[in-house]
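To start, the structure itself, in structure tokens.
Chains here go by letter, A, B, C and D, matching the order in which they are written, and residues are numbered from 1 within each.
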Amino acid sequence: MTDDVTHCASDGSHPSDCDILEGYRSRAREKKRPPAEEERVLLAKAGPIRLLLLDVDGVLTDGRLYYSEEGVESKTFNTKDGLGIRLVQRAEVMTGIITARQSRLVARRAEELEMDVIRQGARNKLEEFKSILGETGFKPYQVCYMGDDLIDLSLLTRVGLAACPADAVEGVKEVCHFISSHPGGGGAVRETCDLIVQAKGLYEKLVQQFL
Amino acid sequence: MTDDVTHCASDGSHPSDCDILEGYRSRAREKKRPPAEEERVLLAKAGPIRLLLLDVDGVLTDGRLYYSEEGVESKTFNTKDGLGIRLVQRAEVMTGIITARQSRLVARRAEELEMDVIRQGARNKLEEFKSILGETGFKPYQVCYMGDDLIDLSLLTRVGLAACPADAVEGVKEVCHFISSHPGGGGAVRETCDLIVQAKGLYEKLVQQFL
Amino acid sequence: MTDDVTHCASDGSHPSDCDILEGYRSRAREKKRPPAEEERVLLAKAGPIRLLLLDVDGVLTDGRLYYSEEGVESKTFNTKDGLGIRLVQRAEVMTGIITARQSRLVARRAEELEMDVIRQGARNKLEEFKSILGETGFKPYQVCYMGDDLIDLSLLTRVGLAACPADAVEGVKEVCHFISSHPGGGGAVRETCDLIVQAKGLYEKLVQQFL
Amino acid sequence: MTDDVTHCASDGSHPSDCDILEGYRSRAREKKRPPAEEERVLLAKAGPIRLLLLDVDGVLTDGRLYYSEEGVESKTFNTKDGLGIRLVQRAEVMTGIITARQSRLVARRAEELEMDVIRQGARNKLEEFKSILGETGFKPYQVCYMGDDLIDLSLLTRVGLAACPADAVEGVKEVCHFISSHPGGGGAVRETCDLIVQAKGLYEKLVQQFL
């Protein structure tokens, strides 16, 4: 039975699974064509990234703050972003969060995803950023930061790759190198992770591991 | 009074209910015209399906992971998907879930819908798939799998009908036979269930039971 | 100070509030022009409605079923729908729900809105409908029912005004007299309430009460 | 290391951060061109605002009322709106809420944002408004109110700047000076805050504080 599955033998009653696998690989190969000028610049910035820092509300979440009558606060994270963080980690990129708010649920999510840097209650994100650079030894051009609001401007204007979700405020979009086509909490982080992995030329290799 | 309702007698003050019922049936009849080539191929793949396997996050849900400050996790399922699963079950199709994550709430939803196969914490979905084929005796061409992310590629490239929600990642859309017009948690599963039931020529019969 | 507010006296430093009020009333008057043929038919059906019956999941909610790891289920209702139900009640229309599922939270919402009919766990909606007609003495043409899925077809094909949300399944849209421009849980019920109140010629009068 | 960050020194391996900062400031300067006639009128109304009053459901939230089976009610607020309220506060504008419903979670959010006026359970919003004017000494033209439904008409037709979210009901949109491009709970409040700050000529100064 398992032969059907792993050896791509056609049983005659339906198209060979190998055809599908080959089609997928061939479409992946076609993507190797030189990217447009704009994409080339973006990939040049994304290639050297060694540390991905993320804002939480509006980036890893959709910005919604759930308040219950009993005093319990909740947030929603996205499963696709979670896999994206796993992908950049496989590409030897450190990951972390910097957020002005403070909550145990954020720590729990960050630990679940085995993130390296967790800075909550960061009133002054720039100070935290300098401290992180000092501890890790990375230079700004090796850091990608994704934020969605004015409080993120100090970091976005200093990192090598400034990214924001599709629904970031205007003032943030203006300074970002990469504006995701997805909103915060809806795949913006994942798209940024994919970009970094692609810039490092590792995307196809990682995809193959899932086939 | 009940005669008004069940015997389609017009009381003179408003159009006969029977007119409406007949209009509905006639519109349903019109749909019997031969489908386009692409739809024909799709229906040919969907017809033999005997087992519908579903990913959870991003397929049966919208991919949101709700984390509360008190440590409680939640997900949202969709009532329309629930009725879809009931429909395929009436069409003698077994149903099940395969998910990498683990939670009691998923087990509860699956049991509520009387699903046959529940595999959680599936780090290697392909191994689970082979085990399910072994237990049920189905061949890959009799299985429909719906997934939304790279981790689902190993199954999507091996089943008879590979389906994904409208908001699946690009790499997944490329290998799927059927891309739902609805997103995960927003009717993608239901549309796939409807497709299978239609391919088996049972949709109209099932709809009549609700009239 | 209160004179500024209630007597429409201009204080010279900004446009008179009375101008705004008059503009609003004049725009409302303009809407008295004869509606298009299609709208006329719809209003003719909506005018005699004395009882508004609603499905819950996918109509009063967006169809999402929230499951928590601790076994607690939740749903979301919409504040605009709540005011809509208050509006039809002021227009002497009875309101109620018929749902196949069973939950205390639905009863709580229905009681909060002082609805007259609460039928949960309704496996056979048609039986419940007949029982409601028997108890209230209304005829089918005096009832509006809003539903979103196949299980609602038996009622939708028998009431005087069949309504559904924008995101109802195709089979339901085909039999409905009124398809809301809003999805379930997103204002579909409110739009139906507004339609009924307008058909009774009471909308403007009710709006005036809020000015 | 911190010199890289704060003194805009280029390390030669990537474009100078100062270039980015200067680009941002120059784009901000370009926006000083005279606004269109309509925008000028709007800014003239927004300039004198000293008090921003907000409805809760459908304005500070998306109108969803979360009901759990255990009897707990929840709402969702938006992190971008939160920063908007901080911005108007820095521009010396008082802030407050007036809502017909009553809940501890709303009080908690309002206190967290250090709002000045909290009026819940306001059956008659006009009475509350008069009372607030009496206590604060502001005149109606100095007040901006944002609401989304008929119950808000009495205030919207009396304040100097009447604002509503993109998804307000039609009757409300008709009387508002400013209709946000964002829905309730999705940035409508933030856009109104930005408008007021811009009208006071303080937006750029506030943005600079974040750089």
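Just so we're on the same page, a residue touches a chain if its C-beta (ideal position, glycine included) is under 8 Å from a C-beta of that chain, and two chains touch if they have at least 3 such contacts.
Here the structure is a predicted model, which means the values were calculated and not measured.
Visitor: Given that subunit A and subunit D are copies of one sequence and touch, is their interface built from the same residue numbers on both sides (over half shared) or different ones?
Guide: Comparing the two copies, subunit A and subunit D contact each other through largely different residue numbers, since under half are shared.
Visitor: Counting in whole Å, what is the centre-to-centre distance of subunit A and subunit B, each centre being its mean C-alpha position?
Guide: 30
Visitor: Measuring centre to centre with CA averages, how many angstrom lie between subunit A and subunit C?
Guide: From the centre of subunit A to the centre of subunit C is 42 Å.
Visitor: Enumerate the residues of subunit A that touch no fewer than two other chains.
Guide: Subunit A, residues with two or more chain partners: 66, 74.
Visitor: Pairwise, which chains touch?
Guide: Pairs of chains that touch one another: A-B, A-D, B-C, C-D.
Visitor: Write out the stretch or stretches of subunit A touching subunit B in their complex.
Guide: For this pair, the touching residues of subunit A are 1-2, 4-5, 11, 13-14, 17, 20-21, 23-24, 27, 66, 72-80, 82-83, 87, 103-105, 108-109, 185, 187, 190, 206-207, 210-211.
Visitor: Inside the complex, what are the residues of subunit C that reach subunit B?
Guide: 45, 48, 57-58, 63-71, 74, 101, 126, 129-130, 133-134, 139-141, 148-151, 153-154, 157-158, 160, 162, 167, 169, 171, 174-175
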